[in-house]
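Below are the structure tokens for one structure; questions will follow.
Per-chain residue numbering starts at 1, and chain names A, B, C and D are given in the order in which the chains are listed.
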Amino acid sequence: MTFQEIIKLHPQPTSLDRDALLDCIDACLDCATSCTACADASQSETDVQELVRVIRLCLDCADACDATSRIVTRQSAPDLRLLAAMLEACSAACLASAEECERHAAHHEHCRVCAEVCRRCKKTCDDLLAIVVVENQH
Amino acid sequence: MTFQEIIKLHPQPTSLDRDALLDCIDACLDCATSCTACADASQSETDVQELVRVIRLCLDCADACDATSRIVTRQSAPDLRLLAAMLEACSAACLASAEECERHAAHHEHCRVCAEVCRRCKKTCDDLLAIVVVENQH
Amino acid sequence: MTFQEIIKLHPQPTSLDRDALLDCIDACLDCATSCTACADASQSETDVQELVRVIRLCLDCADACDATSRIVTRQSAPDLRLLAAMLEACSAACLASAEECERHAAHHEHCRVCAEVCRRCKKTCDDLLAIVVVENQH
Amino acid sequence: MTFQEIIKLHPQPTSLDRDALLDCIDACLDCATSCTACADASQSETDVQELVRVIRLCLDCADACDATSRIVTRQSAPDLRLLAAMLEACSAACLASAEECERHAAHHEHCRVCAEVCRRCKKTCDDLLAIVVVENQH
């Protein structure tokens, strides 16, 4: 992915830790697409009626990750309260879909892998959130 | 708008107050588009360099409202912690862009109107959040 | 909805017919949310396995309408070829979900209503497309 | 990125060439984020008034790539006319932002890199489009 290079070329770069920022964006992109793919795979399974909650929470998680990846990508004149609240929402979305996908991991491999991606994305959101909270106190 | 009719036809409708839900979706759609339009108007103004923060926060707010409108629209098997966190993030996004647009309301009419839309959207998110929090305690 | 007012306040307004523009944005917002709601209602139906194509095409249509509503909302320095291509894609997405929802209209009222919204959105896209094509020839 | 693995686990995988599909999704994610970052960097430049068209077209391109990445990711019961139209729209969006970014490549490194990402994304859309068109004739 080349977007990292463009983020580094911003004329007024963020004071937040750049690696934590890039990790979070990367994880959000992977998680948004993984959740879109898992919801789509789930709705084509023969036991789709057992997967209603997987589908619903993966769709929610994809939407939360999309919005978060865009907001975290912007470095111009941020609002740290908004950034923190968005990272919390994305973390909650990742947790919800991870927990539900884990319930189906034994019989659907795409749920098992998707849960892992959601857990990883939750961690990068939580890590960046911790940095934003400290920065906001200064 | 006809989407309200479809929401009422869900086979397993939400237990949340339907009017609060519909008000929130409607306000999010209006706010997402208003913020997209205000960011676009601002970047074509001759004093665009004074409006960097308006543009950035309006773009963020449009993204948060988009994700929130989709998540609130879904009624199947919701996760109330995620719903609450998303409404908080959207409320924070609306507040940030409302406050910044208000700083420019005297000389840019589109900022004045956009601030009003953001305030209204924040209120519908806060109202629905209060309902979700009570529901989550049951 | 208040966004129309902000669009009218753009410092360098579009030369395209404003009413056609506003109708298209309004229809895209309604269609995006209607399709999100219809996909969500469909996946909670007991005959969900008959509705796989409804769900998939409604999700696609919501995504196409979202992108189109944002692109049509922006008036600064447009690219008319891109605008035309996006309206064509949105029209194709509306047609696909309308046709599939119509197949299920007799037994699912949300599909019947959603098909109407998709048809209306397709029409506003086609109307605006005709205007863009003429404008692009000048 | 792990989403490729989930796409491979779909119970009813697409008949389209899988590598062309994955390349297109990957390029769309990179392009959406690169364009979000380039628009954001551009609006913080001191010569922002020269960059109005870069900002506008990068925002459009990000929206088109987002929608395309989601639609291409779904494999259940596709509509090939819609898929083709969306790939054409995304290709047009990538071309428009590539051409405008190239005009500013000499004095803004983020525009130079963004133009390259847009060109690459356009190519993956065109390649997948050619495959979809052939498939649609069968």
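Going forward, a contact is a pair of C-beta atoms (placed from the backbone, for glycine too) under 8 Å apart; a residue touches a chain by one contact, two chains touch by 3 or more.
Note that the coordinates shown come from a computational prediction; the quantities given were computed from them, not determined experimentally.
Between the contact lists of chain B and chain D, the overlap consists of A, C. In whole angstrom, the spacing between the mean C-alpha positions of chain C and chain D is 20.
For this pair, chain A with chain C, the centres built from the Cα atoms lie 27 Å apart. Multi-chain contact residues of chain B (touching two or more other chains) are listed as 40, 43-44, 46, 52, 55-56, 59, 66, 70, 74, 76-77. The touch graph of these protein chains is complete, with an edge between every pair of chains.
Residues 52-53, 55-57, 59-60, 63-64, 66-67, 70-71, 74, 76-79, 81-82, 84-86, 88-89, 91-93, 95-96 of chain A are the ones that touch chain B when the two sit in their complex. Across the interface of their complex, chain B is touched by residues 40, 43-44, 46, 48-49, 52, 55-56, 59 of chain D.
Put simply, chain C touches chain B in their complex at residues 1-3, 5-7, 9-12, 25-26, 29-30, 33-34, 36-38, 40-41, 43-46, 62, 66, 69-70, 73-77, 109-110, 113-114, 116-117.
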